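Residue numbering begins at 1 within each chain, and the chains themselves are lettered A, B, C, D and E in the order written.
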Amino acid sequence: MLSRRDKLYTGIALIIFLGLLGILNNTLSGYHMRLINLIGINIILVVSLNLTNGFCGVFSLGHAGFMAVGAYVSAILALPLTKKALVLPELPTWLGSIEVNFLLSLIIGGLVAAFFALLIGYPVLRLSGHYLAVATLGFLIIIQVLITQLSHITRGARGINGLISYTNVWWVWGTVIVTIYAVWRIVNSSYGRGMLAIREDDLAAESLGINLTSHKLLAFCVGAFFAGVGGALWGHLITVVNPLSFDSNRTFNLVVMSVVGGMGSITGGVIGATLMTIVPELLRNLEVGITIFGMSIPPLYGLSQIILAGALILVIFFRPHGLVGNWEFNWNFLKKSKNISKTTQNL
Amino acid sequence: GEQKDAAKDNEAAAGETIKVGAIFNLTGAQASLDGPSLNGFKLAAKEINAKGGVLGKQIEVISIDGKTDQTSATNAALKLAEEDKVVAMAGFSDSNYALAAGPTAQEAGIPFITTGATLPSLPEQVGDYFFLAPFGDDAQAYAAADYAVEKLGSKTAYILKDTAMDFTMNLAAYFEERFKKYNGEDAILLEDTFKTNDQDYSAQINRLKAMKTKPELLFISSGPSDCGIIVKQVREAGIDIPIISGDGFDTPLLIELGGEGANVDTYFATHTCLTNEKELVKNFVTAYQEEYSREPENGFAALGYDTMYLIADAIERANSEDPTAIRDAIAETQGFEAVTGTISYEPGNRVPKKSVSVLKVEDGKFAFVEEVTP
Amino acid sequence: MDTVKKNKIVLSVEGITKKFKGLVAVDNYNLQLPEGEIIGLIGPNGAGKTTVFNMLTGIFPPTEGKIMLAGSDITGFRPDHIVQRGIARTFQNIRLFSNLSVLENVVIAAQIRKKYGFISTLCSSASFTKEENELITKAEEYLEALGIAEYKEQKAKNLAYGIQRKLEIARALATNPLVLLLDEPAAGMNPQESIDLMHTIRKLKDEFNLTVILIEHDMKVVMNLCERLQVLSYGKILAEGTPEEIRNNKLVIDAYLGRSTASA
Amino acid sequence: MLELNDINVYYGKIHAVKNISLKIKKGELVALLGANGAGKTTTLRTISGMLRAKSGSIIFDGQDINKIEAHKIVAMGLAHCPEGRQVFSRLSVLENLKIGAFLRKDHKKIEKDLELVYSLFPVLAERKNQSAGTLSGGEQQMLAIGRSLMSNPSLLLFDEPSLGLAPIIIEKIFEVIKELKNEGKTILLVEQNAYNALAIADRGYVLETGNIKLSGEAGDLLANDEVKKAYLGG
Amino acid sequence: MSGTYLLQNLIDGISLGSIYALVAIGFSMTYSILRLINFAHGDILMIGAYSGLFIMVAWQLPLWASLLGAMIFAAFVGMLVERIAYRPLRGSNEEATLITSLAVSIFIENLGIMVLSPQPRGFAIPKFLTKLHTINEITISNMTILIISLAIILMLVLTYFVICTRMGVAMRACSENINAARLMGVNINKVVACAFAVGSGMAAVAGIMLAGQYGRIEPLMGFVPGLKAFIAAVIGGIGSIPGAALGGYVLGLSEILLVALLPAAYSGYRDAFVFIILILVLLFKPAGLLGTLEGRKV
């Protein structure tokens, strides 16, 4: 629970941050704003992934599947009727004849994703460790197959394009704030403590009255909800969704962000998502051909990934639990100077 | 990554350069298609610059890796439009990525020519700044169907298609439509599916072999990475009815992997025949060999090459570096002689009317059979 | 002791049996446990003592038999349901939530009785804040009771062994049980620490009005603490009686105590 | 035979063992006592090469073994029966015992030692094909002791061998340890059960928060008031 | 549906399963010891295939020599990767090693694209292997026979190795409890290196078989088999070599048979059905087909 002082600081920080976003939105180029939006979307995805993988210790590889569900549901719902008739003529009439506003489509997208999480989670969450990882990966592949095959609803491999680019900095960062708030509330409640207990020792947790299934399901469904919303935001940013957009690589990518930042921490999720969105873009600048002493070296495409891989190994080598581990951001550093050493030590 | 081709001193001499963006998937699953395309594209730019450039300026190709990832593709397009201020963009052999990057270019008002994506509805879906350099899937599928019916005399067909690719699904659909038009609704005896990189097609082949009435033709709708293996496995299973396909078969891999099997009645419709005796084609092949010390890997290399020339031609005709003027010039292109055929855009249609070449494998080489304009 | 006997039975176990692929780990175990008693469960290693605990707490369902707690049948219930009904335990091999703080360890156990729902969690409602504060106060009380409140901010894994043992007991207590099962709480403690622990357990029993089953190999602790003992051997009850009776039982001496302990 | 000179061991920033020196002569049985967290286990783990001392030297059979890898130290004749049993839970009892003799090649003698272990702990013979993870706590402890005997060591480190055992087995284990000593093995015994340990030991050391607080003949320690108060419960 | 049709599909399923089994066995060698999901295993497979091709083309050596050479080279690369990337993390948490192996995989794949070019290449096998036998309309090539027999032989050899040799026993001990194994005098660096060497050698064999069967290699060829190996090893039961093999066969057979038995219109759903089957298997056997659930011993 936050003290009054902490609430004040948080409020001020939020206002400053939103103001800054507003300023940036009017000054930065579209390219840079897009990066800021992608950072936000990745934060939504990674923080929600941390709820299952980090806090609850349920290692899921299905996150991209929930993204896919959210993205498709929201895409189909929010597509303007005129376009819908053109792009998705085979939709069942009830679906073909509704157009939902963006906010509602985000929420429904998230809810449908959460519903899928409930369906798959109920049987699968009794598995543990890598067995669960494989089962959730299987879910991701099943979703991909369904999207590819149910082409009268999803247009199959062609994907749905021409989505309206609703997604902007306010939608993204508004959702980021909601996501972080919700996850933070959950983590700091009996539900979150139950999840932590399950992560530490599920047998002891069960012997202390914690219902394993309901806690795991809660983490899984809430994670899936935000994954669905994140997927929907992503779809309306890129303006096209297809089955390949949500493959195992995307899941792995999210897992990397989560582990690099620190799985058991919201702060870690934010840091991991931010870094792993920006750094690859920055590394692009290395893929330039250069001329040294008259010898011209062509640009080496793939170099940025190689450097990124090397950097990842180094990060993990020095910080096996991610950059911040389980540490959570707090305002203590503002208190008194003698506390500073304490916070950095926790780092 | 991006690359600034023109040397610094060159730039100083010309005052400035004309920047053209290139987004290709140089890493990831699409790399084998897009890599050669970029090579062709850059080769053309180099040739143009050597001849003095366009409008008296050098062309600077700024190339970014799309990483076979839609997010990267759109980021790249936005970067090219806003940071690098290119006058035109080109790229991609797959419509999934073209569909991701295209709208960004459209919104920025910069013409985008896809070098290799062949979905005919792409320009319509993206907008008036989007063009195809190759013909559409409909053209090649119709050409294949026409050839099969008229020259091979096929009455019934079997279709095997890759469900994971937009391109293969469309190709199969257009072929089916045309083939049924000739031979009636029941002409397609069986339609079976696989997924990119499945590698093992024995189950499908077994089903084909077990069919009561054998089809007279196999239409295999696959991408370049699978075609050779499929042909090999089909032939190894002892099936030797004619196989026909689209430009997905236009890859040396068909011969390399298909082995003996590919020599048996294997046809495909594609953009051009690189063993063609035409001057333009021969020049391209030699220039490519000189620049990269290898044969053009596939037809996409030629398409990349043509696209650069197409853009340069449009800039020249527009006599301006204004993207909109260039767009208008591209739209007015008529009878532009390219390695992959003659390109003309009819008013309002941004898919070029182009001839289709039908090729056949003979003695481990591609042999030109005929050129059709469906 | 007579007064104790008159108390009503809280836990009644009728003929529970556990088989592991041919091995009969516990064979027809019976127990009538009156409220407020401390009963000792001793026996050679592998006799099936921990298995009895595992069955009582729902970790394994018994192969046969019936378990009644405060008059209702709890046989085959899940562990979390059983704790809610009122049986809590500690583990032979310590199973703390090692990366969590001492306080969190206890709060997790205490929250078994929380009432607020998911919505109040999300909007941080007044009832949520109130209950959370109560939970923390409660947890601190239990830490106080075991004399380990000073460690509350530390991570459980960084504690010394003896403190970890006490934390396990505090955690089990925090679920507010009717019956507390202690599995070798004195293991790994030196004689002085065991004696301290013994006093603690006695104090807790009175303070929280507990009924206790104690598994322990330290005879000093068992003999001093328990009013009644059951001896298990090869899964069967070998003997049952007061510490005095057990100490002199020839069968028990041969199977379990050995000459020197018996005479000590 | 074994000599520790001023060793210091850290877990990250935690200084667990501070400047400890101790000596064990050949054939001696030395007890190492101390409260929970005093650093007993840490000391043993450092000797057997599982941990590295930051400074100081450990001389075993005339050789400094501080920088030597654990498996080479075992090959020199050291056996360490670790805290918490650490049996290979999915392997059978028999396989566990055989791995104890991993470095030996004298198959005949191994068979004999196996019989010896079985005769010390008949339960193990009964359970020889059961997987070790499903043994009861006490049975696992017997297995761990038996396993460390299988390497036919000259120096034995025991870390709380009586933990969690029935009184009758504890008696037995101390007898076994005494017997091992009589056979001429050198033994370093860590115990909470200070009475029994000192009863069979020649000498003893008392550790407190990483430092050696007391040392001396076993009998003297048993009689020492401080020791009595802190460790013997009286 | 005729008997021959089914039989043909069974044979093809076993052949595909054999390849998966080969990859999965190698994968599970390191998996069981370090609890490391080695995503780079598929990339080692790719390296094996390329080195095999190189030996055949550049040095004109026969297939068996290129198999041997590729195994040695891949084993070397595997040990190198272990030494550089995994050993510093020994004893660290699972997620850390997982990410490292993903990073190694990205590293190798992109290096492959840069050095070897992304273009697929043909992989020609000796003529005698492509020869087809037809019995009762069932066709089977020498290559298929080779794959199946190699898988079975290697499986037996490895099982013998793990159960009966000292190194194998040491490996099993390490996979249970590394620290206790050290106390028994086991040199764990050697054991882990050996496991990587053997696992990578197996990957090389699998790579060449895969390349030989389908005639094509490319830098990204390892991704899918690597993922399937992980799935097969898990389905079979973590750490069990026969389990990994069985998992491979289950995967291979279900992929082929589902396409064969489903109507053509549904064959696109194949992967969904495969995974539904696998999830069901796990629900009934939560520790995989041959895995033992580490008993809830308290």
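In this section, contacts are C-beta pairs under 8 Å (C-beta built on N, C-alpha and C of every residue); 3 or more make two chains touch, one makes a residue touch a chain.
A quick note: this is a predicted structure, and the numbers were derived from the prediction, not measured.
Separation of subunit B from subunit E in touch steps, taking the shortest path, is 1. With every chain reduced to the mean of its CA atoms, the largest distance from subunit A is reached by D.
Look at the CA centroids: the one farthest from the centroid of subunit E belongs to C. A count of C-beta contacts for the chain pairs A-B and D-E puts A-B on top. Between subunit A and subunit D the centroid-to-centroid distance comes to 50 Å (mean Cα coordinates, whole Å). Averaged Cα coordinates give subunit A a centre that lies 43 Å from the centre of subunit C. Subunit C and subunit E have centres, each the mean of its CA atoms, that are 48 Å apart. Centre to centre, using the average C-alpha position, subunit B and subunit D are separated by 73 Å. In subunit E, the residues touching two or more other chains are 110, 113, 268, 270-271, 296, 298. Touching two or more other chains at once are residues 26-27, 163 of subunit B. Within subunit D, residues 134 each touch two or more of the remaining chains. Those residues of subunit D that touch subunit E in the shared complex are 48-50, 69-71, 74-75, 79-80, 82, 86-91, 95, 98-100, 102-103, 131, 133-134, 147-148, 151. For subunit C in complex with subunit A, the touching residues are 57, 59, 78-80, 83-84, 88-89, 91, 95-100, 104, 107-109, 111-112, 114, 116, 118, 121-122, 124, 128-129, 132, 135, 171-172, 175. By the touch criterion given at the top, residues 20, 23, 42-47, 50, 92-93, 160-163, 184, 187-195, 217, 219-220, 255-261 of subunit C touch subunit D in their complex. The touching residues of subunit D, counted against subunit C in their complex, run 33, 35-37, 84, 123, 130, 134-139, 141-142, 160, 163-172, 192-195, 229-234. By the touch criterion given at the top, residues 26-29, 31-32, 35-36, 163, 190-195, 197, 199-200, 202-204, 206-207, 209-210, 225, 228-229, 232, 236-238, 253, 256-257, 259, 297 of subunit B touch subunit E in their complex.
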